[in-house]
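Sending over a structure as structure tokens; questions will come in a sec.
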Amino acid sequence: MKILIINPNTSESLTDLLAGTMRRYARPDVEITGMTAKIGVPYIATRAEAVVGANAVLQILAEHHMGYDGAVIAAFGDPGLGAAREMFDIPIVGMAEAGMLTACMLGQSFGIVTFATALGPWYKECVDWHKLGARLAGISMADEPFDEIENVRHEKESLIVKLANRAVDCHGADVVVLAGAPLTGLAEEISEQIPVPVIDCAAAAISQVDLLVRLQLRVPRKGTFRRPCAKQTIGLPEPLAARFEGRR
Amino acid sequence: MKILIINPNTSESLTDLLAGTMRRYARPDVEITGMTAKIGVPYIATRAEAVVGANAVLQILAEHHMGYDGAVIAAFGDPGLGAAREMFDIPIVGMAEAGMLTACMLGQSFGIVTFATALGPWYKECVDWHKLGARLAGISMADEPFDEIENVRHEKESLIVKLANRAVDCHGADVVVLAGAPLTGLAEEISEQIPVPVIDCAAAAISQVDLLVRLQLRVPRKGTFRRPCAKQTIGLPEPLAARFEGRR
Amino acid sequence: MKILIINPNTSESLTDLLAGTMRRYARPDVEITGMTAKIGVPYIATRAEAVVGANAVLQILAEHHMGYDGAVIAAFGDPGLGAAREMFDIPIVGMAEAGMLTACMLGQSFGIVTFATALGPWYKECVDWHKLGARLAGISMADEPFDEIENVRHEKESLIVKLANRAVDCHGADVVVLAGAPLTGLAEEISEQIPVPVIDCAAAAISQVDLLVRLQLRVPRKGTFRRPCAKQTIGLPEPLAARFEGRR
Amino acid sequence: MKILIINPNTSESLTDLLAGTMRRYARPDVEITGMTAKIGVPYIATRAEAVVGANAVLQILAEHHMGYDGAVIAAFGDPGLGAAREMFDIPIVGMAEAGMLTACMLGQSFGIVTFATALGPWYKECVDWHKLGARLAGISMADEPFDEIENVRHEKESLIVKLANRAVDCHGADVVVLAGAPLTGLAEEISEQIPVPVIDCAAAAISQVDLLVRLQLRVPRKGTFRRPCAKQTIGLPEPLAARFEGRR
Amino acid sequence: MKILIINPNTSESLTDLLAGTMRRYARPDVEITGMTAKIGVPYIATRAEAVVGANAVLQILAEHHMGYDGAVIAAFGDPGLGAAREMFDIPIVGMAEAGMLTACMLGQSFGIVTFATALGPWYKECVDWHKLGARLAGISMADEPFDEIENVRHEKESLIVKLANRAVDCHGADVVVLAGAPLTGLAEEISEQIPVPVIDCAAAAISQVDLLVRLQLRVPRKGTFRRPCAKQTIGLPEPLAARFEGRR
Amino acid sequence: MKILIINPNTSESLTDLLAGTMRRYARPDVEITGMTAKIGVPYIATRAEAVVGANAVLQILAEHHMGYDGAVIAAFGDPGLGAAREMFDIPIVGMAEAGMLTACMLGQSFGIVTFATALGPWYKECVDWHKLGARLAGISMADEPFDEIENVRHEKESLIVKLANRAVDCHGADVVVLAGAPLTGLAEEISEQIPVPVIDCAAAAISQVDLLVRLQLRVPRKGTFRRPCAKQTIGLPEPLAARFEGRR
């Protein structure tokens, strides 16, 4: 099984980090390829950056989807997830979605904990898009600047632990979802310090996409994610244009 | 990995049917053991029958949980799921839950299709308990009696296909969830006749519990599913009494 | 009018306490009989205990319902309420339900106040089952252990008063619902110390079931609480088996 | 116990009809006095008419509340209910509220059935005000003109029966609430023709207000229905002015 | 364009204050006439006062609506808004509604800030009536008495600023809506002290009603605000009676 | 006042059509400039096309926003609206948002009527994003192909009228919102054939943005639409890169 990991952020070290976590959790016969956005920002934190990231996701999928059995959109807010599902025939899973749905099997409510205030509004929209607000205990954000995105999980480790415990004690979170690609790997390291399950969204995502691929479900011909009719385009990169225009 | 399949119905042939589906979808190193309720009804269809079934689930888990890495409650309404999660330390997944959460990754809304009118109210409560009502397109029930529960999936096949198509066309279902243990195996057979993905809940459940076991998350010490304090009991079967009383 | 009070807890002194409150509030021609669960725990606090309690409720009703005009399930979370309504033809009221619906006529939102942290998650599920979450100001729980369940209402009296006032001042509760059978009788004693109406659920429940009996409504033949079709059973106590199998 | 029935409609024959039903359902020691609005319309059907009716309710209560233990606002949309609760210290129950809360103990969802299309929007606002929309199966309205409001329950009887059955079969109503003061008395007559319980709101209201009076709860000093501070007024009838100004 | 400003409060200086703000924000060709309630209280703060105010609104409109192109109900809780829309053919806008809908274009959630605790419950009902609760961050109320309603905006200025900042920082308000007619004019004065947009509801209301008038939409003949059928009345002031009775 | 109309579709004739409607409804001193997306599809109908369109919106705003007092995103699903609000300091209004909020002042619920089935899922997401689902009566879509997007409003006129009437009669719509830029101008033409107000979203949008500009509200420094911190980018067009990087 070949899985494409699409990092909509431009940081290649994040791609490596994410692919690393996923390889640790994937079954041996799952082959993981990470790709990094060529346009955009080092890490997506806002709606505007997510628009740019969603575009990158579609471009990467348009160019590469045919060689893969499934794909993961490897940023917590799931930029472009609905759009990608419309356009491509392989199972595609978002990291936020995978983390949250997995958490649903472990508690009545999950708390989202992340490393920067800027992420709050976009993450809230993501929860609402998935209509999982009734399962959300709250979103907790570290509110101080950090030095390096690649290292933020170590730099903020003790603060994240504190926020996670507060999510449990004050917001009533039954599960903690660590949100934000740069935090991958941290869940394992801090799980002993938090009295409830802590989800690593990269681990959840690779597992959920594997699950979907193995269920071998049909591609929808009706419903919200049926493939749209072909339409002429202008100004788009060729692979994406070809896909929109029904030439691929 | 050893997974316990708990059939809260008293029909052993259903247990075999469910275990069969699960073995087809499980990875090779997953060892599946099916157990059948010793008390109750051949198939659970109502709240009252679910009370009896939930009790059977707790008794089976109390007696056997220690030998397993995870468990599936193999009836669509997930009888006793919350209770079981409180009491036992292994991941436990409900068949309805697994089917619905899996469907969430394939469409905005899922339609539940089942084989008997009696099941509607209980299934609706199950959806509400999981707080997934915002993702539900509707519940469709075959409204004619059937001959044999073990064979209902073949007897009602064409009606189920019709209901599934109506769920797509009239209720706007993006995914169909075939509900009710006796329908397991049918999804594969009819998927060509339905224009959206069709979920077999047994397949989804074995995959989701495998996923949870592999994530190796900690047992909660706080939150809604923390283990309750020990308490004296009277009149319960010994293994369950021992678990309630903190002797195991 | 003969009303059956079903205590799903195994503590007989609780049954007496509940029946005592109810007799004080009942009209003179209401004859009240209390019955205590023969299996289970002294007081139900969790989902797992509620499964066992629900079973006890069904067994008591199966054996005795024919001699009564109505019944009360005398534990706050209303264990087995939906199941009981399906199976038996007399009006049946839950203590939580009666307390909450009565509170709805006295304020826009009610606060639930109870004596132990363990009760929170189960009570929340109960509120949600009744779809009264939009009227709930919050659930407040005393978080320290207590000595004796029969005496907890006196032992924790001042703490309950404090929590009730906090529910009013901080959560915006317009009414306080004292939750948990062991608290019956306390509302009268502390009402002067709390600036809003305080509901005793036992008083509310006996009054509501009396009301339903006097309305002389028909037994449903359709809808969610119509009696399920007869079905074979194994392993159940004879009266319950007879009811499931349509022999009574 | 003395109960004041406030008919916010100007039709005295409706007052008599309502009081008649209530006397049939009330306990012997309940003394019922009906009063009819002196300003307004024969029967309230719209928001604008409800504004006028709410005013009449406040005026009647201001003049007479001191002689009564409780009151019923005897029109389905509960005009002025919240306002009346703020201003007066006796329990006050709305006919819609009483019918709906009583229905909640008999089914998961109730269907409201009434005799004129015009009533729909106002009734929907009433359900929403009580935050009972999650329990509402639907509102069904006879859509043809009628001759005489005092006789509409007989004139439209067969249509009401048809609508009630449709509410059960098509909307999934578990209980039918007959809405509109002019329908009182009809529930008893048609209950055999409808397969679920049918609520007469006048019967429910007199029973619920009796229940509240007997619970002897305290008047709120905090919360949403605490009495507002005294305030100067101009142009109001003396009893109401006196109440607003804190002189009574 | 002629716009009628209906102050349902009896304070004429409030009418002048409101008309003053509106004239500052209105386009030059908008002619604004303020009218003050002849019955009621100096400023409406509760449901009971709103019933009286709603009545005043209907009376003023019945007498004067024909000379105007549109109207504003100039009190935050929008007393009588639905009733007025039913009865009259010109666009009518509520001050709360205008403030909240305008805020919706400036943030995901708005915080309502007002000058007296008494206003909270009524304002909450107003938000719910408009079904805008999902956009509400919270309602913040100054909780100390004030001297003079005409001057409360200056007397409480620093407290309002504090509450507004707390709404932003603690409740997550993206916009602040200053609620209560007596606060009009304050938004401009304090906007520099609050880090998000601050809405003056009078400014929003005159602008929204202007917008509606200019769209020249048709009067509804169906739907929730279609004009009710003519009906006999008793005891109403002539212009309102004439309107109810279809004579005008 | 200078308003920028951003057409995220690539069809210039649509831009002219939209600008035409807007000029008819705008006040004389409003100067309207239309700009057309240089990349994308002739008309946006799906999530994937909306991603591309949102990108175009950001690019146009980045290049031109400084010369304008306000902007309209002139496509019904409001592509990029949240992102644009984060990034730019002028008021920006979406056409769907303007149409729906305006409709809220004219009825309790609005029906969305559009010209192609493909638009349904994306429009539903748009309604949910604005959290206006409780005001939505339904979305009705013409389900047959059309010849020319520029002319679809005439080609489908009679079908649109039929759908609008059905929305009123069957879904209970109090107002009809004609959705989709290509329908602009149609509302005026068909309003006599529909018994409720019909909203032209272009007319509503130019009016609402004018209103916002005239309120002269401050740019948020906190809350969901505060401008994000500067961040390095790669691969973006210079004006957008400059804006993200804080260089403009």
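Letters A, B, C, D, E and F mark the chains in the order given here, with residues in each chain numbered from 1 onward.
As a working rule, contacts are C-beta pairs under 8 Å (C-beta built on N, C-alpha and C of every residue); 3 or more make two chains touch, one makes a residue touch a chain.
If you're wondering where the values come from, they're calculated on a predicted model, not measured in any experiment.
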Inset, instruction - Count the smallest number of chain-to-chain hops linking chain A with chain F, moving only between touching chains. - result: 1
Legend entry - Of D-E and A-B, pair with higher C-beta contact tally: A-B
Inset, instruction - Indicate the whole-number Å distance between the mean C-alpha point of chain B and the mean C-alpha point of chain C. - result: 29
Legend entry - Whole-Å gap separating chain A and chain C, where each centre is the average of the chain's CA atoms: 44
Legend entry - Overlap residues in chain E, where contacts from two or more other chains coincide: 108, 121, 224
Legend entry - Residues of chain C defined as touching chain D within the complex: 25, 27, 91, 93, 97-98, 101-102, 104-109, 130-131, 134-135, 168-169, 172-175, 191-192, 194-200, 203-204, 207-208, 211-212, 214-215, 217-218, 220-226
Legend entry - chain F to chain A touching residues, read off their complex: 10, 38-42, 45-52, 54-55, 58, 80, 82-84, 86-87, 118, 121, 125, 128-129, 224, 228-229, 231-236, 244
